[in-house]
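We call the chains A, B and C, going by the order they appear; numbering starts again at 1 in every chain.
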Amino acid sequence: MTDTTAVAPRQSPLASLLRHSRHVLAENPVTSFAFALFLLILLAALFGPQMVPYDPLASNTAQTLKPPNAQHWFGTDQLGRDVFSRVTVATRLDFFIAVASVALVFLMGGLAGVAAGFFGGWIDRVVGRIADTIMAFPLFVLAMGIVAALGNTVQNIVLATAIVNFPLYARIARTEANVRREAGFVEAARLSGNANWRILIGQILPNVFPILVVQMSLTMGYAILNAAGLSFIGLGVRPPTPEWGIMVAEGAAFMVSGQWWNAFFPGAALMITVFCFNLLGDGLRDIVDPRRRT
Amino acid sequence: MKRREFLKSATALTAASSLSAPAIWSRAKAQSRQETLLIVSESGPNNLDIHGVGTNVPGYEVSWNCYDRLISHEMKTLPHGTPYYDKSKFKPELAEDMSIGDMSVTFKLKKDAIFQDGTPVTANDVKWSFDRAVTVGGFPTFQMSAGSLTKPEQFVVVDEHTFRVDFAKKDRLTVPDLAVIVPCVLNSQLVKKHATEQDPWGLEYTKLNTVGSGAFKVTNWTAGSQAVLERNDNWKGGPLPKIKRVIWRMVPDAGNRRALLERGDADVSYDLPNKDFAELRSGGKLTIVSTPYSNGIQYIGMNVQHPPFDNVKVRYAVAYAIPYQKIMDAVLYGLAEPMFGAPANKPIEVAWPQPHKFYTDLAKSKQLLGEAGYGNGIQEPIQFSFDLGFAGVNEPICVLVQESLAQIGIQTMINKVPGANWRTELTKKTMPLFTNVFSGWLDYPEYFFYWCYHSGKSIFNTMDYQSSAIDGFIDGARAAAANGDAAAYDMDVKGFVDLAFTDVPRIPLYQPYVNVAMQKNISGYQYWFHRRLDYRSFEKA
Amino acid sequence: MMTLIIKRAAMAIPSLIGVVVVTFLLTRLLPGDPAAYFAGPAATPQAIQEVRVKLGLDKPLIQQFSHYVVDLAHGNFGTSLTTGQPVVTELRTRLPASAELTLLGLLVSIAIAVPLGIIAATRPNSLLDHTCRIVSTAGVSLPVFFTGLILIYFFYYWLGWAPAPLGRLDVFYLAPPQVTGFYLIDSLIAGDPQTFAAALKQLVLPALTLGVFSLAPIARMTRASMLAVLSSDFIRTARANGLSNWTVVITYAFRNAMLPVITTLGMVFSFLLGANVLVEKVFAWPGIGSYAVEALLASDFAPVQGFVLTMAAMYVILNLVIDVLYGLIDPRVRLEA
């Protein structure tokens, strides 16, 4: 007896994901806006340095602290450098800091968390202890301490941000791994003779990734704010590197005397970027797991 | 647990743990604005005693105003009308008479001078204080030694009101060194009561309490927040100050300090960025007084013991690459005396600071670099360090110089060194390239050069410069000054200045200004060698 | 209840130990040499070495650590290099300043975020809902020091509405006699309305800055929690029984939605303790945050260690308090524990 039930053609996972995303974006104009903004920022980060009108490091002491005008759209700073060029070029550095921090914490926290959730036992306890110790610190102060102790380079800022966010990622990853540990597909993989670590990397981690992606978007915003805060205190990147946080810190002193553009434009860029990442996080959450929407 | 029971136990718990810290504030009535001087600065004292361990510069201001010294300086008036201390004219403070002998100087103390607790000031107090200064170590002892005051044996109590200082050797700087902040007179009886085995000089007590005979006393001090000083109405060291009370507040943000001044919520500040001073001056709402640092220079230093700066041609290349005028304009806003660009035919004078003949010429700089063997520049970035404590000025200087050096092919990497670590770095003498400022309290060329250029491993010879020729000139000048040999002195001074410019281990940039901003109704500001405020001369209309 | 508290406290001890060790190591890694600092501006290398021995800094790290722990057990947190005062005294004097500011900031934040979250939950997906989300997200996207600076610029410099950012009280007011260290409370206890007003005026801008920053998580959590509760059965029953909207939303829904909000409050409070540091710097607030930052930048490690330990201890106490509050609000949690 043949089975004559018609079976609808199965869509590939990617196609269904795209369809779902398009649906969510259409429902939610704010998220669409956030995606568009994200693309704009990405473009600025990738192509900004080639496209800016002035060399961000070139000083011009005849043109210091000029307000926004036709030659300098965002005005000039205290050494005569073009603020627009500096803000645009800084996009690459801040974007890099964001992406690097998030990648690092995903690797560190995600791996530690899934290992803890999957294997349990002493791995779980050790990871839990480390996470608890980190969480007992006021997080910004811990970041300050790490950068102060190791030196203010971009690498250390990225490392500090990753360490500070470790507990959160470890916890989420651990919960997800725990839940999926007894799932059917994991059993199947085990039965077909896959080693534990192979299951971990091949099955669990890809399933945990979407949940973490939402958090990663939020962490990108946090990483930039963290770097900005550190720069404000004097623990940020080295001069004359253009970076939004350090530009706000330097520009703050000039606000009282009326030269608002020094601090305002990098601050606005900071806010727009972080805002975009936060909204993006919301949108991603809707795509990935609508039940968790807050 | 029932809610009611919980609340009952909670109140009991709170009551038991309520803090019982001592009251911070005095109960004195708040006096009117008119009699009070309100000063705002970025940081305040960490110790009220200049003899203390690790006392910072704001602590010196407290010592100056709350303690007396044997002698002080008369004031002269600069062309712009600012009272400026006269380094060669002394006036009595605690001593009413000074007679300088061949190998000693004798002081007669004022008989009516009393400490703030009523005890009379005697020569024993003076000896005890001076012994303390040369024994405690650290900065005070170092400063005393600058005037050849090193051993307690030099300090002799002749009688209750007569005190003598014996010279270890003839040194022109001995008497001026007695007028600086360090040899202040403390109430030895009072401090001895609080001394212990571990703390024989009572440093813990004087850290928190002023025990002098000076015009002011600290009545309230919250470290890092504010210090309140009240006038000592029984002051015998000079005419009674017009200001009765000084409130010194620490406001970390420079923008806030400026806003306070502009709105009239603060009376005096000297801690603002140069740009603010320049603008406030043209704004006209406040009085701005700018005076050059006595004996002070901001410079670019290079370590002359290691490549590439061991090659004098490389040092010349750097000297011609520095964007001097850009620094004057964009960093200082004109608030400094340029120490560069003197005409080529100008003879060396017997004075310090004086400008050198280098100026910005990138072509010449590149050529010199080529002659030195670095035709392709220096690709490996050289660490370019500065003191983060003075980042407002140091950072833009370094950024501008870095840009220029890049244009002649020398790559550098900026290194911000936190203030507390700066001294360590200077001592190590390993920094290849850096900027720093040095100024000496005793305004004599040979003094400056002794600390900055002599090979004796002084911490201030930051370039690790070793030259027996310059040592000869410096030692000669000091000896000539001690013996009163003007001709030899002039020759030696010209000698070491000329050598400093020929060898150029450090490149002077400018002589900074001390800037003070005051409300229009404040008068009486005096410039002192320590560049801090003297509250005793201020007046409020 | 007591067993719950003791159990929780015991669980926190390993974290505290971890904090002590990590802080010690980090501060020892700080650049700078306290011995050079103490020895003064013109010290020779020998003098610096002498000071180093006197301070015990030449001993191996393990020995220094055990000295440190012994000191801690005696309540001695060391002395600050920059202010010259014992760290314990300074922390004790400055803690109320930070606590008052943080609590007030939190109150401001709750006062705005909770109603916003409730309203957004009652009208999901509406324009109001989106606006609520955007406003709260915008608040958290600004660097907290930037918000503070802008507020000072507008309200002090331009409009003159706010008083000078000079700290907790204007110069010509005296602090009220110390009872709790909170000027607002102490001035009321002393019956001094003028000082109360003066202290409140100084608190407005910094509290607003902190509040703006912590809006988002509270608003979001309130909204999410309310949404979850509003769709539950007992609410449907209440509505079906004809209870007024107000009663339904506030008396029934909100009370039940409070739990997750309280947890978020705990998280936000500890987050604010860190953000405090930047706000205190901008407003010249004499709290422990500014104390720690200045010390950190000066490589003055005793205050930094003291600060971190105090914060960690406060965090533990805070979590404890929240757990207890949970037990009070929701009997089910208590019974399960």
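For the reader, a short list of remarks on this structure follows.
Following the convention adopted for this analysis, contacts are C-beta pairs under 8 Å (C-beta built on N, C-alpha and C of every residue); 3 or more make two chains touch, one makes a residue touch a chain.
Being a predicted model, the structure only gives us computed values, none of them experimental.
Taking the mean of each chain's C-alpha atoms, the chain whose centre lies closest to the overall C-alpha mean is C. Farthest from chain A in terms of Cα centroid separation is B. Taking A-C and A-B together, the pair of chains sharing more C-beta contacts is A-C.
A separation of 38 Å divides the Cα centre of chain B from that of chain C. Chain A and chain C have Cα centroids lying 25 Å from one another. Rounded to whole angstrom, the centroid-to-centroid distance between chain A and chain B, based on C-alpha atoms, equals 46 Å.
Multi-chain contact residues of chain B (touching two or more other chains): 253, 255-256, 259, 388.
Across the assembly, chain C contributes 31, 149, 157, 281, 297, 299 as residues in contact with two or more other chains. Within chain A, the positions touching two or more other chains are listed as 234, 252, 255-256.
Taken in their complex, chain A has these residues touching chain C: 30, 129-130, 132-133, 135-142, 144-146, 148-151, 221, 225, 228-229, 232-235, 245, 248-249, 252, 255-256, 260, 263, 267, 270-272, 274-275, 278-279, 282, 293-294. Within the complex, the chain B residues that touch chain A are 253-256, 258-259, 273, 275-276, 279, 323, 325-326, 329-330, 388, 391, 395-396, 398-400, 402-403, 413-416.
For chain A in complex with chain B, the touching residues are 57-59, 61, 64, 78-80, 152, 234, 238-240, 252-257. Of all residues in chain C, those touching chain B in their complex are 1, 31-34, 36-45, 47-48, 50, 80-85, 89-90, 92-93, 96, 149, 152, 156-157, 160, 164-167, 171-175, 177-181, 281-282, 284, 286, 290-291, 294, 297-300, 324, 327-328, 334.
Chain C contributes residues 12, 14-16, 18-19, 22-23, 26-27, 29-31, 130, 133-134, 137-138, 140-146, 149-150, 153, 157, 216, 220-221, 223-224, 270-271, 273-275, 277-278, 281, 292-293, 296-297, 299, 304, 307-308, 311-312, 315-316 to its touches with chain A in the complex.
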